[in-house]
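The structures considered in this document are given below.
In the two complexes that follow, chain A is the common piece, with chain B as its partner first and chain C second.
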Partner chain A sequence: MKIVFDNVKFKYEEGNREILKGISFTIGTGEWVSIIGHNGSGKSTLAKLLIGLLSPIEGAIYLDDIEVKEENLYDIRKHIGIVFQNPDNQFVSTSVEDDIAFGLENISTPRDEMIIKVNDAIKAVSMEDYRYEMPSNLSGGQKQRVAIAGILAINPDIYILDEATSMLDPKGREDFIKIVKTLKEAGKTIIMITHDMDEALLTDRCIVLKEGEIVRDGKTIDVLNDYDLLKSSRLEMPSALYLYHQLKKKNYGNKEVLNALWELALKK
Partner chain B sequence: MNRNFVLGQYVPGNSYLYRLDPRVKIISTILLMVSVFFLTTYYEILGALGVILLILLSGRISIIKAIRGLKPLLVLSLFVFFFQIFFNQTGTVIYTSELVFSISSIVSIIVLTFLFFFIRRFIKFKFILLLIYLASIYLSLAYLAYPNILYSYTLNIFDKGLETSLFVFFRLITVVFIATILTLTTKPTDLTLGIEYLLKPLKVFKINSEEIALIITIALRYIPTILEEAYRIMDAQASRGADFNSGSLFKKIKIIVSLLIPMFIISFERSDELADAMLSRNFVPGKEKTKYHILRWKAIDTMSLVLSFILLGGSICLFIIV
Partner chain C sequence: MGISLKEVSFSYNPKRKGTVYALHNINLEITDKDEFIAIIGETGSGKSTLASIFNALKIPTSGEAYVSGIKIKKIRKRRENYNNIRKHVGLVFQMSDYQLFENTVIDDVMFAPLNFSKTKEEAREIAKHSLELVHIDESFYEKSPFLLSGGEKKLVSIAGILAMEPDILIFDEPTAGIDPSTKKKLLKLFKEFNEVHHKSIIIITHDMNIVNSYAKRVILMKKGRIALDSTPYELFKENSDIVKDSNIDLPDTYTLIDFIEEKTGIKIDKHLKNLDEIAEVLTYES
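The block that comes next holds the complex of A and B.
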């Protein structure tokens, strides 16, 4: 499904600062896009607008031909799944299988079908052993896996991951990214909102937000290579690229780096 | 403070009590409790207690776990027991004892009280300690009359008083046991599901039982999370010098307030985020939904329900005849 943001403006009723100042972009089916930006750049607002938790004060958002607005929300939300940042605040039920079933219950999936889908989703995130477990007995990473399983069960076309890995430990993060990669292979559209640049590097396309405006939209590798742009957007370069640029600054070619590494290795 | 909080008293197991429909369990619990209140003498209550113990045994529930369920009510039942013994003065006297207040007995009581509160902190079996404490107070009142008697009181225990106190004591225990059977063998989720079904008739008054069940579910689900949060804040404040365990009552209240304010703010943030998560998963309040868990009525459910009604009928008969 195609996502279209057409000159979207947003501000909270009580505030006078515009969070989004006229955002336009299009995301096609199967794209893997990262949206990066400093805190308060409006990137999470973007996600909430897309899933209709907030509505724009100007402009419009379309999913194919359906406009995202009050009367269409029930259908829109069948096509979009979102994983939020805090693993604890999106686990509704008292057990893993119940939580996965929550979304299916809401869209009135017949029970036989629901059982199959819940089983498949549990398997897809390798949580078979924790099926009846209470959320308080799960780690953050496991809870996030359950959250994504809840969406997998509904099988939407678009997945939004709103800083979904920011509260996880490295292992939890790795497991989570693995699942996201399988989604990508299945041809789903994935929007990853993040300020982890190494994670953004995995994506194909990158949109940079700064104070409610898009300052760059392009191929991830090009965007993240632009040191000045990232600096002015109060962001950091991915560690690998940063190292590369630092070496380049010192006029280290491949050969020199190799020699330096050998020296280091031999010293030990 | 106990930080290993486990939700509810549910103990995993696999007997017919576990397989019963939660609706039946809830209704039977109510029926059995009501029938206990129709019994009028202590031997009838003992009979009822026997029946309940039989149910416990047949359901392979360990008696020790059931007794543990009595814990919060032990002090209350003890109080009720002694209250009846001391103040119910009908029938014939079966035991008399002279209680005297003298300087030595008062000193002894003060020392015992200090000892009791001091030892209490380090000991596991607080209830047994309480019993020892009460017994030693009795002994010092009965035998320490030095140097002179300030005031004396004759304690008379009457047969009716003893009977009533046993009756009240066992009735309380029986009722708690009945409730324990329900909570030990039913998962909180099943309990909620049972409540949801049983409250369905409230639709007449425009009350949506599904929403009530959802509220209970979310409350149950977030109790451990919020407790964990509270401990984290307590630790954070303790590391900055707050003391939650000692100080005067006023000081304690002040410190609790410093805990409550962040808890409130965090909980409101949580509920906002949870609402967002639920909405994005297409939750629409009041909308017709399908259910993942369904309750199936089996033959054993009918049997249990009939049995509960028979027990209720039996106790009503006893009540009318006697």
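The block that comes next holds the complex of A and C.
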């Protein structure tokens, strides 16, 4: 499913500054894209526009030929799943199991099918031991897993992950990335909004936002290897690329070391 | 004076049979000058509970806790409170920017000193000084805190704690969800508090790069106990099993150094604190 942003502008109230100043891009089916940018650059606003939580003041957003707007929301949300940074905002039920089932009920899934889908989703995020637990009693990392499971159960075409790993510990993050890679192989479109440059490095394409504008949209490795661009966008390079860049700047000559760093950067 | 914990245990529900203790038998000394401590550990390991005892937000179930010589115990008389402790130990919560509530930046920062019975003039002086420490200039004083950027809000909320003039500052996950350049600014500020103003800094974090680059001492919590109290170097270099068991990352410098050695045989000193130092050493040695 193709996502199109056509000259999208957004601000919260008349007189306030524009959060997005005319954004255009197209993301094709099965792409794995990272969106990076400083605090307040418009990343999360972009995600909220895409799922129809907010509406552009100018321009339009399309999923294939469906325009993202109020009367199409039921349709849109079957195709897009989003995991927010703070999973607390996304729980509605009193048990992990019910919470994962909630989205399925919303799209009128038959009961037998629902049971299978909920089981599979719980298993995919390794939360089998907690299926009857209250979501509010879980740790931050566990809540994040449940939020992800809720989306997996619906199995949408497009996944938006908004700083979704920021509350996960290393093991949780590793599991999460594994899940994302499986989704990618299954042909899903994945958009990762992140501050973690090593995480962005996993993606194929990278869009850089700065003060509500796209300042770069390209192959991830090229984007994240552009020191000046990242610096002026108030971001930083992934560590291996940063060291590579610093050594180059100092005319460091040991090719073996430089190659090793490059290899590490490209390791997915 | 600082903080002194002797066999401190804490349970949220001590009377219940088989209750789980969030803290077990903690013995700890923290001085009120020049320390830079990182408290790390998995979610639920007791990090935040420990920090809230430092600030008398929680009272030990057993054992003794002293902050600046004052014993933390249940308040029995109405006139007693822990204002004295909070003057010594300032705690900045993870979502501290949600705690701003006054109409202007300067009023927000003046709130604490006014509460500690300073005059309006004194409070304003203290607030100005606190805002200077976080590099927020006069042009912000009359602005509404709600119209500031996320990073600026964070700085104002820190100034609000500094206005209590604490010797020890605790930051709970100060960099979660903050972009790289704002993060760098904050950390530079903490370093300044520590090295120029000789305050003790305690930072609760999941970010091992921060631990490696900034902390002088690291306390690893595990299931309510202190699993290790050492320098970052000792933790990451000598106790890699502990690192694995505790589900924490290695700092980037360690990962890079290991990878370079594996590929090229070149050994680099793991005491190095950041990537710039590694670049320096590599170029110097070649």
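As a working rule, the second predicted complex is superposed on the first by the 249 of 268 C-alpha atoms of A that agree within 3 Å, B and C clash if a C-alpha of one lies under 4 Å from a C-alpha of the other, contacts with A are read in each partner's own complex, and residues count from 1 in each chain.
To be clear about the criterion, contacts are C-beta pairs under 8 Å (C-beta built on N, C-alpha and C of every residue); 3 or more make two chains touch, one makes a residue touch a chain.
No experiment lies behind these values; they were computed from the predicted model shown.
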After the superposition on A, what does A:Lys250 contact: first (chain B), second (chain C), both or neither? second
Contact-wise, after the overlay, does A:Gly150 reach chain B, chain C, both or neither (first, second, both, neither)? first
Check whether A:Ala186 is in contact with chain B, with chain C, with both or with neither, and answer first, second, both or neither. neither
Tell me the contact category for A:Ile116 with respect to chain B and chain C: first, second, both or neither. neither
Give one of first, second, both or neither to describe whether A:Asp169 is in contact with chain B, with chain C, with both, or with none. second
Name the contact category of A:Ile66: first (chain B only), second (chain C only), both, or neither. neither
Which partner does A:Leu235 reach: the first (chain B), the second (chain C), both, or neither? second
Where on chain A is chain B touching in the complex? 48, 51, 53, 74, 77-78, 80-82, 84, 86, 88-95, 97-98, 101-111, 114-115, 118, 134-136, 150-151, 154
Give the list of chain A residues in touch with chain C in this complex. 37-40, 85, 139-141, 163, 166-167, 169-171, 195, 197, 234-236, 239-240, 242-243, 246-247, 250-254, 256-257, 259-261, 263-264
Okay, in this complex, where on chain C does chain A touch? 42-44, 149-151, 176-182, 184, 206, 247-249, 252-253, 255-256, 259-260, 263-264, 266, 275-276, 278-279, 282-283, 286
Can you tell me which positions in chain B touch chain A when the two form their complex? 7, 188-189, 217-218, 220-221, 224-225, 228, 270, 273-274, 276-284, 287-294
